[in-house]
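Each of the next two complexes has subunit A plus one other chain: subunit B in the first, subunit C in the second.
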Partner chain A sequence: MTDIAVKATDRTSSGGRMKARGKLIDFAIDIFLFGFSIMMILPLAFLISNAFKTPQEMLAWPPRLIPSDPTLENFRSVLADTPLLRWIFNSIAFASLSMVAIVMTSAIAGYVLAKFPFRSLNIIFMLILATAIVPFEVYMIPLYFQAQMLGVLNSLWGLLLGYLVMSFGIFLIRQNVMHSIPDELLEAARIDGAGEFWIFWKIVLPLLRGALGALAVLAFFQAWTSFAWPMIVATTRESYTIEVGLALFQTGFTVDLGRLSAASAAVLVPSITLFVILRRNFVQGVASTGMKE
Partner chain B sequence: MASVDIQDVRKFYGQLETIKGVTVDVPDGAFVVLVGPSGCGKSTLLRMIAGLEDISGGTISIGGRVINDVEPKHRDIAMVFQNYALYPHMTIAENMGFSLRLAKRSKEEIDQRVREAAGILGLADYLDRYPRQLSGGQRQRVAMGRAIVRDPQVFLFDEPLSNLDAKLRVQMRAELKDIHARLKTTTVYVTHDQIEAMTMADRIVVMRDGIVEQVGPPLDLYDRPNNTFVASFIGSPSMNLLEGVITEARESVRVEGGAELPFEGAPPATGKVVYGIRPEHLRLAGDGEGFEAIATNVEPTGSETLVQVRLGGQIVSAQLRERVNIRAGDTVRLSAQPDKAHLFDAGTSQRLG
Partner chain C sequence: MLQQKRWRFAILAILPTLAIFAWVRMYPIAETLRLSLHQWDILSKNKPFIGLANFRELFQDQLFLSALINTSIIAFGVVILTVPTAMVIAALIHHRTQSRFSGFYETAVFIPHVVSLVPAAMAWKWIFDARLGPLNALLEFFGIPAQAWLFDPVLSVICIIILCSWQALGYAVLIYLVGFKNLPVSLFEAAKLDGASGVQRFRYVSMPMLKPITLYVSVVTLISGFNVYAQAFVLASDSQGAPGRQVRVLVLDMLENSFRNYRVGYAASEAVILLAIVLVLTLIQFGLLREKGRS
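Now for the complex of A and B:
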């Protein structure tokens, strides 16, 4: 952005005054963005810093970003007293399986809805869109009873029950297919002798890589940060996800800040790692419709 | 190689009939061009041959076998699309060898045939690249390569040159013709560009509104158009068509503005007709000859000069070989060559005689 601004001013300015003004504006923009990013990053920095503080220092005023007497006590006690690793594992398994299921269902449904000209499919698409309007909380309780009847409470399958299909994902992939995969490509493949499954696997999926990457990140974090559903479907300590587990540090009267911070800091590691790995896909998939041509 | 036989083929979209009983015979090894304005049904007909559209009525046969209900992949055809339809995530070699890979041919055979086709098309140096790294003309060649590699019975082309610039189009036209001369594969080619049709076809099929207006070799269509539509569609600049009445002497047609334009041969009817004359069959005339008109536009192209004149209420174009000193607003005298005149019925638009 700054580059463009500089180039623009180079072109238009004939005197030094214009140039100076352009520089001033650039500088102001930089200051604003810098302040904004500090505001975004500060809570996270404090979270990590708090994880290393003693209870006394935690309550000290003014708060310090760098702990004067750093300690690993919080981490030790969290790992010793709670099955934190088990919760992290539960969350990773839940989020990964949900991500895989959502990517698969969205890819197939989105492609079929975009490229197969049956009138009945339009009605199905409308129904799918309609489900996006109904809040999850509305059908959460009926879904709970279903999970109970299926006998999948307190298990990974119970968690997954509400997280296998994402209507927004189907919508996203449908729009992407319509934009970036011309009919002729599929017709050429049909004439070349490809079957429908082969076309989907070898032509459609590779071309949707960007969009599916973005959807994968969205789906993963949707499951990773979900709270209400895991809360009601997982009732034993061992079957909690990390979100539910973290809530345990907060009782009716007190919040165990040190241990909560330590647990939260530990939890950040897998999610940030995934984001870094998929960052390019994420930005590409959200920003563009996929293909350059 | 095989012939393609289209018999009374119809296409309905709901109640709407878009192809209204088309019969075309494409002989073995011929290069047939379907031409017509957009919406005439030429692309739909091609897609029906390819199997991408259902056939509502009639039959299409390839090599004597009716293929109405045969899957596209079993019709032994190859199609080249207007937007090339190359697989963006595959290299040129993979694109060209895709159909052979699906047919489970050996790697060596695929490699050899891809190289052969690439040699014919001058793509040998680009086999490892991706479509996005090639220019429009090269991509078009890859699309053709993909068709050639399969060695099909019939090539189908759907406006393959429309996305190219004018210069490249002329070049690719010649290349396509050359490839056809070499491979002699039966070809059905769709275009809206009558120059493409004229220069490439053994036989042209002119279509309008889902029916065939005329079928024939390019110059036959040019010299003896069946009706005013074919007369105006084939040829550029297009034929002048002037409404008028056959004179008492039955040697000329009196058109609006009073000019009398001559024709040869006995007129089959009297009364109102449409007089057709191509711009190159009008020439400058001396005093007392031809008719007088006011020039409205003069376009010198170097090799010739296109002069448009106003005759009565109509604009008439004349393509003059010589360099002329005429300006817009000048009065010019033009005469028509009687043996090159065409007469059409004013009511039915059909050719007379």
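Now for the complex of A and C:
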């Protein structure tokens, strides 16, 4: 009896030591990861902080995260000098329309390519897959001349032209339909006399809500952060997206870092907030890009 | 009959998407390939076929060659910096999944990947700024002379690599995290029973098991590295409004040839070279993966 008790305490004490050591290592890892995480977001935190600093304080060393004498002067001056709100509006409109177009085209095409086993469709799918690896930068110059031919340069529609479809979106929805929607379900609906369009609208779409949500977030951010295409298509001050507007604004002669930071912060704060809200959707979408093969 | 009805629906449903796809993807890709073999300045009506002359000229073009070299250095630099870091960070985050802060770690590492390029680059422009930047202030604090980070051709390439890695890291960590989650737990328990330490388990179990993911992340990072443009545009532009004079990258050289020098055919052949690089990288990835699957 005592023997067993002794053995038991012995085991727990050595187990306890192991556990304590493990805890210490975990604690060290936590500290490291915490420091690393802070380092990753520190540049952005300083950018936002700099937006509120006076020119004198910008020169101060060490830089302070909380401005000692916060001012809105930088924001006021940026808003007076640039159509910043217009640029933000352009970006939001462009990203939203692109998101809608990509979600619609991907949902329909992904569903058809997953559930209709015809040879002609297979060929279409191979074509889509083959073009998926071609980077946008490769074909944007001919696309620019197409936009010019349509007369949509310097407009929302011109921006949109490059971001109407997404090969990966079609692929993602196709995979999702194949894995999550059983053939029997569709057959049952057909036997009940449901039309093909009704089935897509009332059965398939609701089941794809999660995947479409992830794709929507992905598509929105893709357009929101696009740079090269808006750069060549939008060449008038009024038609810039926020990315292009800021990039060109910073090449100006009289621009100081305070005002640049203010303009950047005005863009960053809403997009970081949006990201934190939509984090789950976003991470799901991005993670699925890695599951291609 | 029924089959035919279904076929009709499928074709009608996919037709709009297919039409858009053909118009904004396949046609311009084909056009890029075609233009690369032609000489076309925007103004003239006729585009004579000149075979591979564009490509021959490209490989004697100092500007293009320096752009190609810069872009390759940036792309490989980013991979070398990002992939090992991402693997370690992902392993640590995965190890601390139960931690109260794991959500914070993931978000913090991922945020640089989602924020818009230009504002984020602006933050680094301040850090690297020769006069106001904290980096130089820090160096001087340690008695190292200040550097003109963004005006020196070598240093500005390093700056671009740092900026790109900072942004690419989040994606790589995310993909690795998915990989770690999919590793069989039993394998680790077996290794643990055999007395393998955490570091040993990482080195001899996780790393070999995650090889396909490492390959995938490396190739994706390389490809996006070869498409670098915005980062170079913002960081390495001077106030005279001559962007990218310090660091020429492929996309910039291409756009300049097309829209500043009006040599569209020439620019298209640069695009074809970019495409070739991407294709080769993708094929290498698939080849290595298949080889692994066979062994």
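The rule we apply is simple: the second predicted complex is superposed on the first by the 251 of 293 C-alpha atoms of A that agree within 3 Å, B and C clash if a C-alpha of one lies under 4 Å from a C-alpha of the other, contacts with A are read in each partner's own complex, and residues count from 1 in each chain.
What we mean here is this: a contact is a pair of C-beta atoms (placed from the backbone, for glycine too) under 8 Å apart; a residue touches a chain by one contact, two chains touch by 3 or more.
Everything numeric in this text was worked out from a predicted model, so none of it was measured.
Chemist: Based on the superposition on subunit A, does the combination of subunit B and subunit C result in a clash or a fit?
Modeler: They fit side by side.
Chemist: Would you check which partner chain A:Ala223 touches, where first means subunit B only, second means subunit C only, and both and neither mean what they say?
Modeler: neither
Chemist: Which partner does A:Ala214 reach: the first (subunit B), the second (subunit C), both, or neither?
Modeler: After superposition on chain A, A:Ala214 lies in contact with neither partner.
Chemist: Based on the superposed arrangement, let me know which partner A:Ala262 touches: subunit B (first), subunit C (second), both, or neither?
Modeler: After superposing on A, A:Ala262 lies clear of both subunit B and subunit C.
Chemist: Using the superposition on chain A described above, determine whether A:Val78 touches subunit B (first), subunit C (second), both, or neither.
Modeler: neither
Chemist: With the two structures laid over each other on chain A, which partner does A:Glu187 touch: subunit B (first), subunit C (second), both, or neither?
Modeler: first
Chemist: Have a look at where A:Ile102 lands relative to subunit B and subunit C in the superposition and call it first, second, both or neither.
Modeler: neither
Chemist: I'd like to know which partner A:Ile25 touches here: subunit B for first, subunit C for second, both or neither.
Modeler: Second partner only, subunit C.
Chemist: For the superposed arrangement, I'd like the angle with vertex at the C-alpha centre of subunit A and ends at subunit B and subunit C, nearest 10 degrees.
Modeler: Apex at subunit A; the opening toward subunit B and subunit C is 100 degrees.
Chemist: In this superposed model, does subunit C or subunit B come into contact with more residues of subunit A?
Modeler: C
Chemist: Which value in Å is the smallest Cα separation between subunit B and subunit C when the structures are fitted on chain A?
Modeler: 6 Å.
Chemist: Determine where on subunit A the residues touched by subunit B overlap those touched by subunit C, and list them.
Modeler: On subunit A, the overlap between the subunit B and subunit C contacts is residues 291-293.
Chemist: Which residues of subunit B touch subunit A once you look at their complex with the stated criterion?
Modeler: Going through subunit B, the ones touching subunit A are 50-52, 72-73, 77-79, 81-83, 85, 87-89, 98-99, 102-103, 131-132, 146, 150.
Chemist: Where on subunit A is subunit B touching in the complex?
Modeler: 182, 184-185, 187-194, 198, 203, 206-207, 291-293
Chemist: Across the complex, what residues on subunit C touch subunit A?
Modeler: Its residues touching subunit A are 5-7, 9-11, 13-14, 16-18, 20-21, 23-29, 31-32, 35, 89, 92-93, 95-96, 99, 101, 104-120, 122-127, 129, 132, 134, 137, 166, 169, 171, 174-175, 177-179, 198, 212-213, 216-217, 220, 223, 226-227, 229-230, 233-234, 237-241, 243, 251, 254-255, 258-259, 264, 267-268, 271-272, 274-275, 278-279, 282, 289.
Chemist: Show me the residue ranges of subunit A that touch subunit C in the complex, using the header's touch definition.
Modeler: For this pair, the touching residues of subunit A are 25-26, 29-30, 32-34, 36-38, 40-41, 43-44, 46-47, 50, 58-59, 61-63, 105, 108-109, 111-113, 116, 118, 120-121, 124, 127-128, 131, 133-143, 145-146, 161-162, 164-165, 167, 170, 196-197, 200, 221, 224-225, 227-228, 231-232, 242-243, 246-247, 250-253, 255, 257, 260-261, 263-265, 267-268, 271-272, 275-276, 279, 282-283, 286-287, 289-293.
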